[in-house]
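In the two complexes that follow, chain A is the common piece, with chain B as its partner first and chain C second.
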Partner chain A sequence: MEELIQHLTPILKEVWGYIFPNEIELHWGILIVLYPYLTGLVAGAFILASLVKVFNVKELQPTYRLAMLTAMAFLIVAPLPLLAHLGHPEKAYEILITPNSTSAMAMFGFVYAWYLMAVLCLEIWFEYRRDIILWAQKETGIKKWIHKIISLFSKDISEKALHFDKKWVKIVTIIGIPSAFLLHGYVGFIFGSIKANPWWSSVLMPIVFLFSAIVSGIAMVLILYMIITPVRGKQLDILCLDKLASYLFYVMIIDFSLEALDFVHRVYESEESIKILAYLVSNKLFISLVVIQLFMGMLIPLAMIALIKIMKSPPDLKKMVYFISAILVQVGIFSTRWNIVIGGQLFSKSFRGLTVYKITFFGLEGFFASVIVFCLPFILLYILTKILPPWEEARNP
Partner chain B sequence: MKNFLQKIPEQVKRLSVLLLVVVIVFIVATSLLTPKDFGLVGHYRAGAIQNNADKKMQYAGQEVCADCHDDIWKTKNSGYHKNLSCEVCHGPSFNHVNEPDQFKPEKPRDRIFCPVCHEFNPSRPTGFPQILSASHNPRRICVTCHNPHNPTPPQTPKECSACHAEISSAKSVSSHMDIPCTKCHEASEKHKLRPREYLPTKPANREFCGQCHSQDAKGDEFIPRISMATHEPRYVCWQCHYPHLPEAL
Partner chain C sequence: MENKIIETDKKVERRSFLKKFAILALAPIAFGFLGASDKLKTVKKWMLQNGYIPSNHKWGMGIDISKCIGCGRCAVACKNENNVPKEPFFFRTWVERYRIYEDGDIQVDSPNGSIDGFENTRTTNKKMLRSFFVPKICNHCDNPPCVQVCPVGATFKGEDGVVLVDSDYCVGCRYCIQACPYGARFLHPETHTAEKCTFCYHRIVQDKLPACVEVCPTQARVFGELNKKSSPLVRFLRMNKIGILKPSLNTEPKVYYANLDMEVK
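Up next, the complex of A and B:
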């Protein structure tokens, strides 16, 4: 009790106006900010990969396999922040064995399992099958067995079988696009369907989530490609970078338009919550929404990419601008998730007061735990690239 | 049949086996892990009801308080706090019911607890008693003047507040709240009929306030004292101090 009082007293001093007693402390902290951010990267990276297979964008071929593995690494880590947030993570499996079909949150396990097993694993398996079989033939020891198991002891690399693989990569990708939309649209749906919260309750929420996810996914693959390639002592493919930056630019324009539409819609509707939301945006969320999300994460990268495209710039300048833009976009999209998750809990449902969010450093829901969760996908991606090298030279002729 | 199986691509066969394994594992896990009493009375474990019932009780409920403290309970239930349960102020008291001497309920004896509800806040409903604790008798704890079981606030004489409501409400939260209007103002009965023709009196000299506030005045220690000889001797007190809310200076 004493501990609780000590924890709440400094927060109470910063409460503005009138709030209900159960609104002093936020229930969803930085881990829940991380969750839509990570799932967004999955959906975005997958959509980028699908551009190669479904829409036949040849320039992006160097990033195709990397994008698939990135999606995989982030997807495996995506439920971890949710698990860490749960009071009893050991009971999480119950959501799957006793599914409540009327709960959107309870359905997450199935959406996730579908996306992981029916889309990502399947597409990676069909894409890599031939290479895995050939690697297994040349290798010895544990690596040989890992590859054999992953290939499900498959051996057929006849022309007919490879044609079948190719066809199915395309089919799975086509199924994967609505599935990626479902996965991240679902995260937006969770927030958008909370009708008691005017900051969240919007039919545009799933679609805004989705496009910001695509933005962050493309930017993440661009960053990874630009870091990994020079580290491996290889040359960056400038055509691929140009294309990535172009797609990033186009999707950002759509994302910006959708967010602007959402903003205009709210202002025009002017529901009873508009005053507290305006106060929220102009005070507590000013830095994270107006400065970081809008200017740093959206307008500056848009302007930088537009300028570099209009002016005939040297490749080195292009690379630098693309890299800085992609980093800014990541910061901006993380800030978007922050503003939605944290922002939606800062104002009282009485619409007459605001509370504050004090992040803790230690503990399962603290800053360090979230840094660890954020680093995990990169470690996982490193392991995945060791097992399933996405590089061109690793492919068997 | 054999021909048909041969026509199925190798990938499909292997993936089908894997899918079959996943489905079987899921079905077995579901049947093993689902609690036996799940779904008997709703989408939850029926035993969860008993688990909750077995939890240690913290609150006794106000009906139990009435068994021993019926006089206080009746007073509370006839006053403005009738909708509050005893344990709102006195804290969880289940232990007190079982062992009254060993466990004593809390008694808020500070100026922090009551303002949780009664601190001024523009969001509170009109008419709800509210104070600014910084200026509302700052040196006294709430229960000195208010009986929490019957918290009706001290009233100014009704015949004055009927017309001078603003003054009376200011005075009612000031340190002068216990002083009746007629102590400082003499008003004839005619003032009620023709107020502007028959004005009430005001203290005309410094000595009037000095009855309580001079250094040699008798009375409670917390009353602020001044030196009548040196404290702005050329002015009458109310030229600088607002007597209906002296803290407002």
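Up next, the complex of A and C:
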């Protein structure tokens, strides 16, 4: 308690205008920024993977398994920031056993469990089953047993069984696409359904969340593919990169249009809250929204990818531009989450004032904790690639 | 023939397996509901011991803005009565001061929620058009957004219309604080659970008035039944022109303001 009071007291002096006294404490901090960012990467990476299986985009085959594992790694970590943020993490199970049927948040456990078990685990299992069985046959010691257990002791790699696997990968992917939409659209709904908050309350919120999720997922897989492949001493598949960049470009156009529509709609309707929101955007959020989210994270990468596609550039230049664009997009999407979550709490519901968000460095909700949470999926991905190598050469002929 | 029998056997086996699986999967939820309903029974028992039957009441509050002098006694009494932390970040009730100038400029403040009173500091020479104090409190909405969003059902609207928080159940996710349009909720820094005005529930079940109403020197606050004609609140609603806060949000507040100004949000 002492710590909280020490943290809040100086903020009292930085409040602009009038805010309700209970609003000085900003309730959802950086951990809650991370949560939609992480789930967005899950949904985005999965949608990218599904392009290969359902829409038969052959060029993206080299990133298919990597995208699946990326989605898995991020999904496992996604609930951690939520849990760490709760006042009583030890009571979190109540959300599962006594869910309130009218609460969007109460559906979290079910949507999450469905996505983890019915979609990701199943698809990865069917996709890898043959390889796992063959790996287990060749290996010895602990690795053999890990693979035997993961394969659930199945041994059948007859033509018929493999055909069955293939069919089910497709079926699960088809179920997976709406599920991925549900997973992230639902996160958008948590914010979009709060009528008390005009910055959040928008019917477009779930859709904007979804498309920005796909943008971030494609960009993340692109970054991972471009870092991992040279590290492994392999050649980057330029056709694959071209395709990734194209999809990134198209989805960014949709995302940009949606966000522009939301903006125009707000300005045109010019409701009660417009003055304070305009002040918010032009002051507290100017750097993170206009400079980082809009220019750095959206317009510059769009222009760069467009230019490189129009002027037939050499592959090395292409690679560099793709990589820089993907990094910028990643920063931009993180900023988008920041602007939604933090931005939505900076103005008072009295519409008469603004508060500030001061991030702490230590503690469960501090900067370091969030850096650790952000790094965890990458460590997890490393472990996953050791157990289930997604590389082409690891596949058994 | 034999094949067919085996097949049907398999089907039956699968069906019974699925049944068992479903029971197994739903068991924790069922236990959870049983636990929750058990808890509800103990709460009801406690109220009945006090001779209080929630369904016989429907509580509300009236606040006459023209009577409020901004002394802040209500905010002090509330903090003392309900063990609200004394720091200026946690309030179940507070008083706002509005100063509206001739050029349309509006100044609103509530230093320490009005507990230390209001200083007469005029920062401008502009001419004042009108000025008044507005006590704020949880509106005990009939259509409460906080209750809607609570993931575990820890916050609920009782049969008597009072919106309460079960701190044993609250997980501290703060979604209700985000959903409240009136800034009436906070997270208790010690219990780490959501907190808000309860109309001094421990007092009203014993036929006493909420602390803020009890101490108000000008009787700006009126507490009472909404469904009983003889109640002072119904008289208040009959004798005044009434306004509620943020009517466009359709939260249906049960805190009614007399002489409410359009600038109050």
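Here is the rule we use: the second predicted complex is superposed on the first by the 392 of 397 C-alpha atoms of A that agree within 3 Å, B and C clash if a C-alpha of one lies under 4 Å from a C-alpha of the other, contacts with A are read in each partner's own complex, and residues count from 1 in each chain.
Throughout what follows, a contact is a pair of C-beta atoms (placed from the backbone, for glycine too) under 8 Å apart; a residue touches a chain by one contact, two chains touch by 3 or more.
It should be emphasised that the depicted structure is a prediction, and the values quoted were computed from it without experimental measurement.
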Superposition on chain A - do chain B and chain C clash or fit: clash
Which superposed partner A:K170 touches (first chain B, second chain C, both, neither): neither
If touched residues of chain A are counted for chain B and for chain C, the larger one: C
First, second, both or neither for A:R129, with chain B first and chain C second: first
Which superposed partner A:H27 touches (first chain B, second chain C, both, neither): second
Partner chain(s) touched by A:A92 [first = chain B, second = chain C, both, neither]: second
Which superposed partner A:S350 touches (first chain B, second chain C, both, neither): both
Superposition clash, chain C against chain B - the stretch among 55-63, 127-135, 181-189 or 253-261 that is involved: 127-135
Interface residues of chain A shared between complexes with chain B and chain C: 17-18, 94, 97-98, 100, 350, 352
Contact footprint of chain A on chain B as seen in their complex: 9-11, 14-15, 17-18, 22, 29-30, 33-34, 38-39, 43, 121-124
Chain C-facing residues of chain A, complex: 1, 4-5, 8, 12, 17-25, 27-28, 82, 85-89, 91-92, 94-100, 102-106, 108, 190, 193-197, 345, 348-352
Chain C residues touching chain A - in the complex, by the definition given at the top: 28-29, 31-33, 35-36, 85, 87-91, 94, 96, 106-110, 112-113, 136, 145, 147-153, 169-175, 177-187, 189-193, 249, 265
Contact footprint of chain B on chain A as seen in their complex: 17-18, 93-94, 97-98, 100, 117, 122, 125-126, 129, 152-156, 160-161, 164-165, 168, 350, 352-353
